[in-house]
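These are the structures in question, set out in turn.
Below, chain A partners chain B and then partners chain C, in two separate complexes.
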Partner chain A sequence: MLSIDILLNAVVTGILLGSVYASLALGLGITFGILHIPNIAHPTLVIAGAFFVYTFGQWGFDPIFAALIGLAPFYILGVALYIFYSRVFERRGGANVLQSLTLFFGLSLVIEILLALSFGSELKSVSVSYIGSSLKLGLLTIPYRLLIPALLGPVMIAAVWLYLSRTNSGTAIRAVAHEERALSIAGLNPASVKQHAFGIATATAVVAGAALIMIGPVEPFAGRFQIGRVFAIVVLAGMGSIPGSLAIAIIIGVAEALVASYLNPSWAPGVAFAILLLGLAFRPQGLFGAAR
Partner chain B sequence: MRKNSILFLAGIVIILALGFLLPWTIRNPFYFFVGYVVLQYVTIATGWNILGGYAGYINFGAAGFFGAGVYLAAFLYTTLGLPLPLCILSAAVLGAILGVLMGYLTLRIQGVYFAIATLGLVIVLETIVHNISALGGASGMAVYGPRPPGWSPGPSQYNFTVMLMIAVASVALARFVEISWIGRGLRAVRASEDAAECSGVPTLRLKLLACALSGAVLAAAGSPYPFYTSYVEPVTAFSLIIGLNAIAMPLIGGTKSWAGPVLGALLLASVQQIATVTISSELNILFVGLVLIAFVAFAPGGLADLFSRKQGRAKP
Partner chain C sequence: MKTRREFHKLAVATAAGLVAPAVLGSRAFAQDKPIRVGASVSLTGPLASTKNGLIGYELWRDDVNAAGGLLGRKVELVIYDDQSSAANVPAIYSKLVDVDACDVLFSPYGANLSAPVMPFIKQRNLFMIGMFGLAGNDVAKHDKFFHSGPWGPNSGRDWARGFFDLAKAQGVKKIAIINADLEFSKNAAKGGAEVAKEYGMEIVFNQSYPPNTTDFSAIIRNINAGDPEAIFIASYPADSTAIIRGVKEIGISDKVKLFGGAMIGPQYGALLSSLGPELNGLVNSHTFVPEPTMQTPAIKGFFDRYTPIAVKQGVDPLGYYIPPFYYVAGQLAAAAIIGSKSVDPAKMAAFLHANTVDTIAGKIAFNEIGDWKDRRVLMVQLRGIKGNDLEQFRNPGHQVILDPPSLKTGELAAPYNKARTS
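Presenting the complex of A and B:
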């Protein structure tokens, strides 16, 4: 007989994990989902964000506060990345998707190695007063180290979503992927809109990194295991649907938690990719997206 | 074309003859130990290029195919005692099946999804191997390779010659694909998939064929590996550096022709072999990453393209 408390704890843990995955995928939802730039370096940028938070943690800063400090430098990093990317491919007129994938693949390797060279390749973690204890609700036991990052995710996602759907500059970001020329006719510079969008996407990486390092220790190459999840989330949510990505992330989180508690934790990394492959095979337009 | 083919065949005969004769003339087995790795990368780069270069579908999961070949060969040899050529052949068949499966799931959509799915293949296969105790799980398994036959002076030399034969067969296969109707069709796919489809090129079937051939070569490249190291474990069998080199080598050499990946692999693998002996392996990956970025950004045609551009300018 499967006991109800194991099931309940697995489902709740899965929902919380899924919420964290959604914040990991948010930046990719902007770059890949909206701008169609396949930035596979995003998970590595999240790890770079986690190391940024770790460095500030060493100086006594709270991880969430450190993430807020990190927003500006990561925004600038993102703008710089976009300028490099567009310079490389503008000369050839239009970016070849596969070449840009290769470029970001190389970039993520370089970032990983630079992190490993400067921090060493062992696991790093942060310690804060509210990490370590747990919230007990009847049968449920929720560690704060998971609850707080999980609450961070929806807040950031809601903020980005409101920005994209309610403000003029957010609308410009959504418009630039659809019709670049119309945007320039309307008097906006598409290049600077894209730079801005890439900056925001990269800035979300530092918050996601803070969430990741609060949950557990992080090492420089940990981004690799997130690539499957974040792409699964963005693609299955239907390219650019941000509320959809939260839903998909929670589905993946729950599936992983169930696999981990009923089968074996070592099977869990394959779950997201299995879901992605099945999704691509049967519903390529995504679960929440319109057909393209 | 005829004259080129005769020259190519002559080249193969000379290289194979050298592969059998050199072990008797050069005494130090270390050269063959290092040469094995270089030839392994020649095979990997060639196999990757059949799909990545000719058809333009980037496979980030070369390590998945390689690792599958490593483990199948190790398993078949240690438990069933199959002879080495059969191990290599079954690894190639498994690679082809994996390639078709993955291609069938993802190729109908878009190149970018294919690329992402290939990243997943490595993680899925590594997870599976981790969980199968017959394959040694996370701790790996020891493999005692076959005793070298009479025509080879030692195990290092024997592995070298076997790898040379696989590499030569792969390059010949890649060249055949390139000059036959398959290559013409794949080039059409690469130039414009929609236009190719409209003019009656069976794009999906061609891509699946390319996936199968590419997967077979990549898995075959891995099959002698357990006998080379005498020990297999998931982390090295599915190592990231294999997937990285599989992309970097053809891109550096040039992806349009079979000579590009061979050139890139000979160059990059030799540099890496010198670098791992003299510098750390982390700096080695950093170096490859930077070279990869530089070539994608500034010389997308690779070395072959740079050479031919220079020649083109010199001629008139």
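Presenting the complex of A and C:
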């Protein structure tokens, strides 16, 4: 079964899936990679974003448009979460990783239960005209269900990367993780900068949620299955390398698709961690991270 | 002056007089005390879509209590949330038995959650009704365990045999099998492969995939490369959706006559309404559909009461797959208690082994390990679905029964490509 069409389709499917994985990992790349806050609730926030999109879908809104509407409320939610986090930990002299993990683990449980109580535990999906049809390009058959969510990833990542690298407030976000006191000396409030960064990270969750619910139905507990993969992407990319996370996500996506096509689909979930272990063995700082 | 003998008589009479009210009182108390029926239900977690079964339990309890209870005692349900986690199950059932003193137990939902409790009930010699655990008692072989679900004997291998009977009748020689890497699906696929071999079919593709796989394009392309005439799928709701959408996107050979078999999801209202016409042509297992051969006043009466409660609770408004069999579980327990005039596990079990019980799902007789003596899993073909309106599924003709022959309401529409687009 080594026909060229299966190989080509597997590679393209992998690229598309990788792009979606990058959307899922972007928020964690900001909170964990840049701010060093291990927000393991991020995949659950993505699911909350998917339910936001689902709700607007019930009123006839396209998922992408619904995601754009959701950017502001999710940004505010992120700011509120960071204020809570900083009041619990940072004002008391900082949190250790275990405390932070416990807090965000608890937060993800609370969000899951709230979603289950509000929407029930059954699968929810969106109905859009382009779901179910495909783009045919020679030997390639590309489902729009994958193609359109996959296009969201690079667009969103490019926007965030440009913001972080070309604007003053973006530079402040990158600076706050390196040297908080220096930022204070420069006249900026590190807490405000972190709030803003956490808000941006949480806002990306609604776009990632839109991508996820376009690909397939979601239920309140679906975020649990994404935690491992998104952490692998962020760590392997080099903790905070935004373009690097897109590259790593695509590598993982293509590797998973090839394993599913030529070996056994059951092995696919292990691919991300196999690549993570191999990558870290050769470059402990991550493939796109700077050595510190 | 009293003699010593008279004194002894007086002492015995006095003692009897003192003790008798206590003894009689405790007996009266035991009779007044409700019969406690304990179970865990997945109210939260990934299996929470099965919680509509609780409505079945509660309707049964209300009916029994309205009729005066069992053996003159009211019935009380003791329910805990297992959070869909097998790790929670042993502690819950220990509490149900040792702290709550339940007289009858219903198992958790399905094989994954039921497996941890089977050694416990066998060791403690308890009476249990099993809830949808496929082949749940095949290992423990506990003689006081009875299935409420219609899997039938040798269910690990045979429960989906109807799909292969249909394939055989269509002259299928090459078959593909895919399954999720989870207990139920793995058992279904393993059993299906054995039946396919028994029928002389060549298995051209046999592969499992991890839970929560969202893209099946690679698998569908590999299946197409094998050129099968039937595809047996054992999947869970999210993957069922992805597979059906994947077939629509990638396409499938016109040679495929049967597609489906053991897909979990198209039995539930959520998937029926979300996929709508995309389900046309699918041949899949079910436990109840509103076809003329299955509609009885009893089951109709059950759904007349179930639907408004389900709508109010925001759970599956159709509820064809699970809730009736939760009510059946109660009916089986009631029959055992009334028939044996006892809540003694051995007497209740002996009654169910020796008698046929009339339930809203029909007459049920059990073999020695508590399987239904006759398999009554349905193979239905979804047809004529237009739009995403859930109400259409309440009408006959959209879930046509192809197997078993005794309940059949139509012939297979094949090939699959024609059936799904017509």
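Basically, the second predicted complex is superposed on the first by the 284 of 292 C-alpha atoms of A that agree within 3 Å, B and C clash if a C-alpha of one lies under 4 Å from a C-alpha of the other, contacts with A are read in each partner's own complex, and residues count from 1 in each chain.
The definition used in the following text is that a contact is a pair of C-beta atoms (placed from the backbone, for glycine too) under 8 Å apart; a residue touches a chain by one contact, two chains touch by 3 or more.
Because the structure is a prediction, the values reported are computed rather than measured.
In the model built by aligning both structures on chain A, chain B clashes with chain C. Of the two partner chains placed around the shared chain by superposition, chain B is the only one that A:235 touches, whereas chain C remains out of contact.
Residue contacts after overlaying the shared chain place A:42 against neither chain B nor chain C.
Once the two complexes are overlaid on the shared chain, A:257 sits against chain C while remaining clear of chain B. In the superposed model, A:145 lies in contact with chain C only, and not with chain B. Shared-chain residue A:216: touches chain C; no touch with chain B. By the touch criterion defined above, A:88 reaches chain B but does not reach chain C. Contacts of A:113 after superposition: both chain B and chain C are touched.
After overlaying the two complexes on the shared chain, residue contacts for A:196 are found with neither chain B nor chain C. Aligning on the C-alpha atoms of chain A brings chain C into conflict with chain B at a single listed stretch, 112-120, out of 112-120, 130-138 or 166-174. Contacts of chain A with chain B, set against its contacts with chain C after fitting on chain A, overlap at residues 113, 116, 121, 225, 264, 266, 269.
For chain A in complex with chain B, the residues that touch the partner chain are 38, 40, 88, 92, 97-99, 101-103, 105-107, 109-110, 113-114, 116-117, 121, 224-225, 227-228, 231, 235, 264, 266-267, 269-270, 272-274, 276-277, 280-281, 284. Within the complex, the chain C residues that touch chain A are 44-46, 48-49, 51, 181, 207-215, 217-219, 221-222, 225, 237-238, 241-242, 245-246, 248-251, 265, 268-271, 274, 278, 314-316, 388. Residues 56-58, 60, 105-106, 108-113, 115-117, 119-121, 123-124, 127-128, 130-131, 240, 244, 247-248, 251, 282-283, 285-286, 288-290, 292-293, 296-298, 300 of chain B touch chain A in their complex. Those residues of chain A that touch chain C in the shared complex are 1, 3, 5-6, 9-10, 13, 17, 113, 116, 120-125, 127, 131-134, 141, 143-146, 215-219, 221-222, 225, 257, 260-261, 264-266, 268-269.
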